[in-house]
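You will see two complexes here that share chain A, one where it goes with chain B and one where it goes with chain C.
And then the complex of A and B:
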């Protein structure tokens, strides 16, 4: 780089050299496919072999909202699940992280265990295990006495079935918290102990310290964990919308144009949700020692 | 001023200590603390069981005999452990071919993603150039676009490039830090590099090192904790990917281990010389265990460094 360029110009060139792999990847694998899928969503594919297509305007989109009987139920169901799962995942992983952070000996081992479901299968293996009935079994073995007593009671059927369904869900939710627990423990470990010492000297209780120190100091991590959970659940193959889009576009019907439109509807929905999450939380998140 | 504060705190502590505390009160406190620890451990161990459950379930089921599978009295440990499930699964999966494919693609992808990703993230974290903030905002944007939105054109792209039935679509995206996961890992690296002191680069510059040399010889060796975290995540994600392989691999001799496990049932039916008509649970769990085994071993050996590294990456600042 001794071409007589000024230091500043050299720096700029180096900057672009460093990030160039990512730029190439984004253009080739992200930007171009994204534009192509947007175009495709406004077209009607007439010949699959040569991929001939004609302009179709908004027909794919109007079909999605007016004629498609599967899309809206699948979307509302996924959103409903998410509204339930997101707080559960966050609260559960936060509690686990707080319990973990207080453990001195054995913390590493426990953390390794809590991360296990992430390692053995972000999706595939867990899916197979659930099919094999592992989901019912784990909760049944811990909750069996309660359920058995409920079954023999007059409430039978009415209450046991929903409880069982919730328990199955809970297992799945717990298995999905590995990364979030990791994030929270790291966050808790980075809170300076001097804050707690000062609070205790002033007579604060653990409860007060949690609300006034732990939670505000952890709030950026909570936001990150929430976004991670959101993104993760939107790309999860167990997600019904994903399943449906895959089915439409590369399943038997092979409707690439309609699949692209569904993909875009889905993406806009995800995007709006994340923007909402960030907006709503902006007043709640506290950045200690914010740097520029 | 500071000393005054220290003195005040000292006084307060002395007051607290001086407060008459009977023997009973002391005992009560110790008891309460121990009870708290005990409860904490009970809860943690209980949940550790739930987290370990998939592994326990998988392994114990795989060594049961068919007879024991249907016997409700045999809850966990098989009295007559058998390896017939494993023997069959090894052959049906064509296990060692599968391991070669999966390990090959994930190790190559992980190494490439880590080294190239570190470089990109270093550029984002420490070099000032116009457009950097815009590019980084774009990076955040790529994270929130579900892969299903770009799936169809990506498939067309791979077809145009004649990359179907090759492993390039599995390896190249991680190399270029593409997508949700690539983006997250870049952020991990970027956070790490941002936390390092600027004096490192200044002194390297004074000694005549160019930016690349500074990155390669000074910053990268310091980034070991982040490297470990990123590499493990990348490895796990590529290994468990059950999206891209189905998109591009058509020939089932090329399938990754995860794919083979997912179609185990039909593989078993096509298995030549098979006398098995139906899939027994123990065989299937043996197949599942075999599929995650290499990953599990890698994780077990690296988990100590892995959890320690998480703290040092400054992931959450």
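And then the complex of A and C:
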């Protein structure tokens, strides 16, 4: 590849070669389906077999906001849950990662343990399987043993109930922190120890070092973790909105067109939220390596 | 992180600190492993213990009855069970290797080159991350169908390759690699491919090891993709075969088989994860990122 091109030009050519497999894959299997589903959202399917359809303008969208009684409650509920869960997940996983980074004996084992729910949790199959094959509450409880034991405890009612609700929520949150903890531990391990060394020589305490070194150096990872958390909960098949969309489009009614429209409404909402997150955090995130 | 810190002796405090760390982590760690413990213990529980409520953590009289039931259940299927296992292994490994390769290749120029249109590509990545894959599943099916890939390994592997999360993760980590390192090797006459293979990839090993785990495990556990893209029995993956076992659970004895199967499906990701985890940690200790 030395055709008398300047180093910079060579570099750019290689750059495009490197990116091209990803671009081709994305265009073909992501962008094109996306465009089709956008088209579908403005159409009305008339023949399901060959997917015949005619243009219907904005009828699907107006139906979503004017007639659909399920959409708005499902959306607000999901967003409300998220507003509570996101900070909790981030703070919890950051604390756990810092603790993990301090541990010298058994860090590997502990980290593996904390990632376990992700390994198991993504096995939606197993949940599916247990539900389909043996629709029994006891079977389901393999996934939520703590909740079950809390429910069957003798202390039920009164003051215990709200506490238990919080605990239930915490348990579920703990199970959703595996990836974030892993990201944070990787981030913590990549902070140069010389920074801490310098700070301690100058008489810094651990507390100060956390606020002045750990947090700024970790801020890009925190943003990644926040976005991951958002995306993870929005695309979770157990998410109520996704569940509703799937129910509309491949459930009994089989309304592909309306399902596509709902999918796009949901996508735009998520998109706005993440853009807001990135914008709001742009002043707070510190990049150590320069960005070219 | 404090190990390199002080010159004055603070041993006493350090001792207490570490202890507290463990005390804090213990209940959390327990909460994390309980589902796993349940899956394992259910697989070895005799039939009469499966229905105890609340379920006890450990079986009182462990048996391998459930596994025998599983063998019985799978022997009546038209395709040997090993074929389903083979399909899942091939698919998961191919997706893992492909995702890491394509993702890192694309992330490198996006992170370090002055490329025209890279901000646009990155915007596409971010939006791709947000779109629930279930929602685009129907148009995606049409395209895979038009490409004639239905019921082949291609249909199981290719749609999962250009993972936006992979590109995002790799780009984020590659930005942290000092550009001076790349400049230095460029001046020494290294080709771009060589810089990628011998500098960028070794330095971002923790990141792509993580990505490898991220892509392997969901593919291994994936139920939706094989359900939509395969038709014949011989292309069914483990998860689909398990579904068959599950739906065949008309007799009570089959419940046990379901749990044994769940245990078997869960085992490889868990083992692979523990293995990879160790490697990730080892690499991190020596990688250039740290110094």
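Throughout what follows, the second predicted complex is superposed on the first by the 232 of 292 C-alpha atoms of A that agree within 3 Å, B and C clash if a C-alpha of one lies under 4 Å from a C-alpha of the other, contacts with A are read in each partner's own complex, and residues count from 1 in each chain.
Just so we're on the same page, a contact is a pair of C-beta atoms (placed from the backbone, for glycine too) under 8 Å apart; a residue touches a chain by one contact, two chains touch by 3 or more.
Note that the structure is a prediction, hence the values are computed from the model and not measured.
**Q** Tell me which partner touches more residues of chain A in the superposed arrangement, chain B or chain C.
**A** Chain A has more residues touched by C than by the other partner.
**Q** Which partner does A:256 contact after superposing on A: first (chain B), second (chain C), both, neither?
**A** Both partners, chain B and chain C.
**Q** I'd like to know which partner A:114 touches here: chain B for first, chain C for second, both or neither.
**A** In the superposition, A:114 contacts both chain B and chain C.
**Q** Once chain A of both complexes is superposed, is A:283 in touch with chain B (first), chain C (second), both, or neither?
**A** neither
**Q** Who does A:193 touch here: chain B (first), chain C (second), both, or neither?
**A** After superposition on chain A, A:193 lies in contact with chain C alone.
**Q** So which positions on chain A get touched by both chain B and chain C?
**A** Dual-contact residues (chain A): 1, 11-12, 14-16, 18-19, 21-23, 25-26, 28-30, 32-34, 36-37, 40, 51, 96, 99-100, 102-103, 107-108, 110-126, 128-129, 132, 134, 137-138, 142, 171, 174-175, 178, 182-183, 186, 189-190, 220-221, 224, 228, 231, 234-235, 237, 242, 245-246, 249-250, 256, 259-260, 263, 266-267, 270-271, 274.
**Q** Which residues of chain C touch chain A once you look at their complex with the stated criterion?
**A** 1-6, 17-18, 21-22, 24-25, 28-29, 31-36, 38-39, 42, 50-55, 102-103, 105-106, 108-110, 112-116, 121, 124, 126-136, 138-140, 142-144, 158-159, 161-162, 164-165, 167-169, 172-173, 175-179, 186, 191-193, 196, 206-207, 210, 214, 217-218, 221-224, 239, 242-243, 245-249, 254-255, 258, 261-262, 265-266, 269-270, 273-274, 277-278, 280-281, 284, 289-291
**Q** Quick one: which bits of chain A touch chain C in the complex? Just the residue numbers, please.
**A** Listed in rising order, the residues are 1, 7-8, 10-12, 14-16, 18-19, 21-23, 25-26, 28-34, 36-37, 40, 51, 96, 98-104, 107-108, 110-126, 128-130, 132-134, 136-139, 141-143, 145-146, 148-149, 152, 171, 174-175, 178-179, 182-183, 186, 188-193, 196-197, 200, 206, 209, 214, 220-221, 224, 227-228, 231, 234-235, 237, 239, 242, 245-246, 249-250, 256, 259-260, 263, 266-267, 270-271, 274, 278, 287-292.
**Q** List the residues on chain B that touch chain A in their complex, please.
**A** Checking each residue of chain B against chain A gives 9, 12-13, 40-41, 43-44, 46-55, 57-58, 61, 116, 119-120, 122-124, 127-130, 132, 135, 138-139, 142-157, 172-173, 175-180, 182, 184, 186, 210-212, 215, 236-237, 240, 242-243, 247, 258, 261-262, 281, 284-285, 288, 291-292, 295-296, 299, 303-304, 306-308, 310-311, 313-317.
**Q** Using the touch definition from the top, list the residues of chain A that touch chain B in their complex.
**A** By the definition above, chain A touches chain B via 1, 11-12, 14-19, 21-26, 28-30, 32-34, 36-37, 40, 51, 96, 99-100, 102-103, 107-108, 110-126, 128-129, 132, 134, 137-138, 142, 171, 174-175, 178, 182-183, 185-187, 189-190, 201, 220-221, 224, 228, 231, 234-235, 237, 242, 245-246, 249-250, 256, 259-260, 263-264, 266-267, 270-271, 274.
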